[in-house]
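Okay, so chain A shows up in both of these, paired with chain B first and chain C after.
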Partner chain A sequence: MAEARSAFDDLPGDLMIWVLIVSELLVFGAGLAAFLGVRITDPAGFAAAQDHLHRAAAGVNTVVLVTSGWLAALGAQAVEAGRLGRGRRFLAGATVLGALFLAIKAAEYGDMAAAGIGIETHAFFTFYYLVTGFHAAHVAAGIVVLPLVAARARAREVEAGVAFWHMVDLVWVLVFPVLYLLR
Partner chain B sequence: MKYQSQKIALAYFLVAMALFAVQVTLGLVMGWVYVDGNFLSEILPFNIARMLHTNSLIVWLLLGFFGAAYYLIPEEAEREIHSTKLAWLQLAIFVLGTAGVVVTYLFNLFEGNFLLGKEGREFLEQPKWVKAGIVVAALIFLYNVSMTVLAGRKTAITNILLLGLWGLSLLFLFAFVNPSNLALDKMYWWYVVHLWVEGTWELVMASILAFLMLKLTGVDREVVEKWLYVIVAAALFSGILGTGHHYYWIGTPGYWQWIGSIFSSLEVVPFFAMMAFAFVMVWKGRRDHPNKAALLWSLGCATLAFFGAGVWGFLHTLHGVNYYTHGTQITAAHGHLAFFGAYVSLNLAIISYAMPVLKGRDPYNQVLNMASFWLMSGGMVFMTFTLTFAGTVQTHLQRVNGEAFMDVQDQLWIFYAMRFGSGVAVVLGVALFLYAILVPGKEIIEPGPLEQDRIAHDPDHVAAE
Partner chain C sequence: MVRVTRAWLFLLALSAGSTALSVAVAEGALAGILATLGGAAILTLAWAKARMILNAYLRLDEAPALRRGFGLALALYALVLLGLYLAG
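Moving on to the complex of A and B:
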């Protein structure tokens, strides 16, 4: 029996990467929704806790990660066009910025730990550490994945790796305003 | 049957079905204890019967998985099993271990003995020597099937099946980790219990279902494999951190409440996908396979697993809900329908499919087998409802109003009486199933005019296999 061409075939990258991306978005979405829900029960406590965060560092990190995503997109374009060297350089740049993001994040965690703020300190920080920690783990994974796909420089794989990286980017752009800015 | 060594599956299925009969009979005994509290309290105390009920369940399900693996791996890998001797040895170890467990539980001969005494952790009560035997048997099995697959054709179905079987065997090693700190003890205990049924066993389930769909509907392998990978990815993504739904109140840190709630809610997805998969395959594929009973069990499996694990699991998985329902009859309702839908039905599906082939016959006793499906499943679903109502009332009286445990139990009697009734239906259904499978009718049913016409004129049509 001949299979009709299904919507699956038209997705860029591998089907699996899209399963992953949708799953991740559901998890982060649910995490942020739960955060907003619990926040209603204690607006003052959440606002006070939020003042302990480093808004400026997180703002810089947002720029870093978005730039990294832009470089990754250029890298994928270059590889697709067959310009492998150029593609690899862009992907390397994206990876380095990813590492910079983690370094800034680590400094932020260090400062908060020094101030005695842990995951059990307040419901706000439970969400803060869970969501940003889970996100940081994905940045770390991306730092491994990007060089791997860059080394082989096959368009399909690069596209999948970069799709993952855009997801990590997108999640941060959602997390940042909700956790750091929302009053 | 294309390969001689598939015959081993027959022995595994027979032992599995014998234990299945024992398991449900003990369930019925306990069901009566809930109606009349002193029933058999001297000869067969409730806790012993409970151990035998749950342990025989796990052992026969595993034997069924092994049998299924020995049946389908030769066909998928296109070669004989590496060693039939080892397969027999493995079965012998399991039978010996099971006998040892039964004797140890019933007579409690070695209370407190490090090696010989029972260990008293639900599902993992086996004495250490039996646990060691299980590991040895598992190693033999893994060696045997891995060698077969490595030397033969590799398909997505065998890859996922092996991944599941390796995973469940490795996780069983946590059965040996038993710290004296009760919170840690429970934490590791769930590595086995949860990561089995909501992780590795799901992979086994998906691959066996995929095999059945391939055979029963004749859909393209490529389509089946795509579904299989998506289901497996969804199962592992949600199931591993979903373990958190058991870490709400055992002394583990509070953040597990959010990890557990969020990830375990997503566990509904793979069970929904498996149900969608089964129905889409049947809808797209041929619908004229003569083994209608195997098809019914396959569809029933996917559907009841979605309701038992997916819907009844989600019912109490958010920590705000679980705070009230933890350890009530709601849990028992979910445990029964989930195990029955996902793993009991799965085994009965592959047994219904394989037995006629193993006996070299056309599918037999189809109507009896299908009747047993409706009786057993109907009984199980009714039991789930009675326990769910019992659990709802229990939660309110005990957890909200704060009444004493036994006072509440007295008020639940009517539900327990109805649960016993549904248990009778289940046991009758099991008896009917065993009869339909083990006692093939003498008469041979001639293909009807429609089927004869197809065999004669439709070159694509495959007759009974």
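Moving on to the complex of A and C:
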């Protein structure tokens, strides 16, 4: 007798990478909800603190990361189709954009430090450094993972590495508006 | 045009839209209730971007049952964020 199909049979990629993705989304999701919860106690202070952030740089970083995700998706498709060289080039492009994201983020941190703004300056900046720092750590992990899976160019591994990269992308499209844009 | 390229263009457009709304609020072009509505719109755009990444980049559109489950969880989370924002 045939086994009943599970919804998880349709899951794109390995179940374990999805367990990782959901775990990470829960952590970042809780962080952003806590941020908005604490903001209720001091909306004016949070708005004043937010004015120290580089909205334009963060906007550029959003374009950079979303474009990196697009290149990674094209890379995974190319490897799956057996076009390994093309896939590697797309994944290399995604990695370079990931490094650019980190460079822009480092410049932002440098400017904040030069202005004397640290993790204890205000509750806003405690969340800001924790959430964006943890996210940047994931970007750094991604720019190690992407070249590794690109070098071997095995479809299953590339799919897992690229799924991790999309998770990093997904987290940023939530972090960016909540921390940088909401007034 | 392939699905991921359409998704990329959509994500760029929505990101530009949310940044424009934020600038309008920060520079006083939107004030009072309009500023609050602008914030709600920014969160709505974030929800739309997250859905697009799940469905197109992470390919949940190939798994309709899971897409519905993730979509529901994401919508509930977006409502939590919206409620916290409006309470602030």
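In this section, the second predicted complex is superposed on the first by the 173 of 183 C-alpha atoms of A that agree within 3 Å, B and C clash if a C-alpha of one lies under 4 Å from a C-alpha of the other, contacts with A are read in each partner's own complex, and residues count from 1 in each chain.
In this section, contacts are C-beta pairs under 8 Å (C-beta built on N, C-alpha and C of every residue); 3 or more make two chains touch, one makes a residue touch a chain.
These figures come from a predicted structure and were not determined experimentally.
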Clash or fit (per the criteria above) of chain B with chain C on chain A: fit
Following superposition on chain A: angle at chain A, chain B versus chain C, Cα, nearest 10°: 110
Contacts of A:A30 with chain B and chain C, given as first, second, both or neither: first
Partner chain in contact with A:L170 - chain B first, chain C second, else both or neither: second
Contacts of A:A106 with chain B and chain C, given as first, second, both or neither: neither
Most chain A residues touched (candidates chain B, chain C): C
Which of chain B and chain C A:W70 touches, first, second, both or neither: second
Partner chain(s) touched by A:F127 [first = chain B, second = chain C, both, neither]: first
First (chain B), second (chain C), both or neither touched by A:T62: second
Touching partner for A:M16 - first (chain B), second (chain C), both, neither: first
Gap in Å between nearest CA atoms once chain C and chain B share a frame through chain A: 16
Chain B and chain C footprints on chain A, overlapping residues: 8
Touching residues (chain side chain C, partner chain A) in the complex: 2, 4-5, 7-8, 11-12, 15, 18-19, 21-23, 25-26, 35, 38-39, 42-43, 45-46, 49-50, 53-54, 56-60, 62-66, 69, 77, 80-81, 84-85, 87-88
Residues of chain A that touch chain B when the two form their complex: 1, 3, 8, 15-16, 19-20, 23, 26-27, 30-31, 34, 119-120, 126-127, 129-130
Chain A to chain C touching residues, read off their complex: 7-8, 10-13, 21, 29, 32-33, 36-37, 39-40, 43, 46, 51, 55, 59, 62-63, 66-67, 69-70, 73-74, 77, 163, 166-167, 169-170, 173-174, 176-178, 180-183
Contacting residues of chain B [partner chain A, same complex]: 218-220, 222-223, 226, 229-230, 233-234, 237-238, 253-255, 258-259, 261-263, 265-266, 269, 284-285
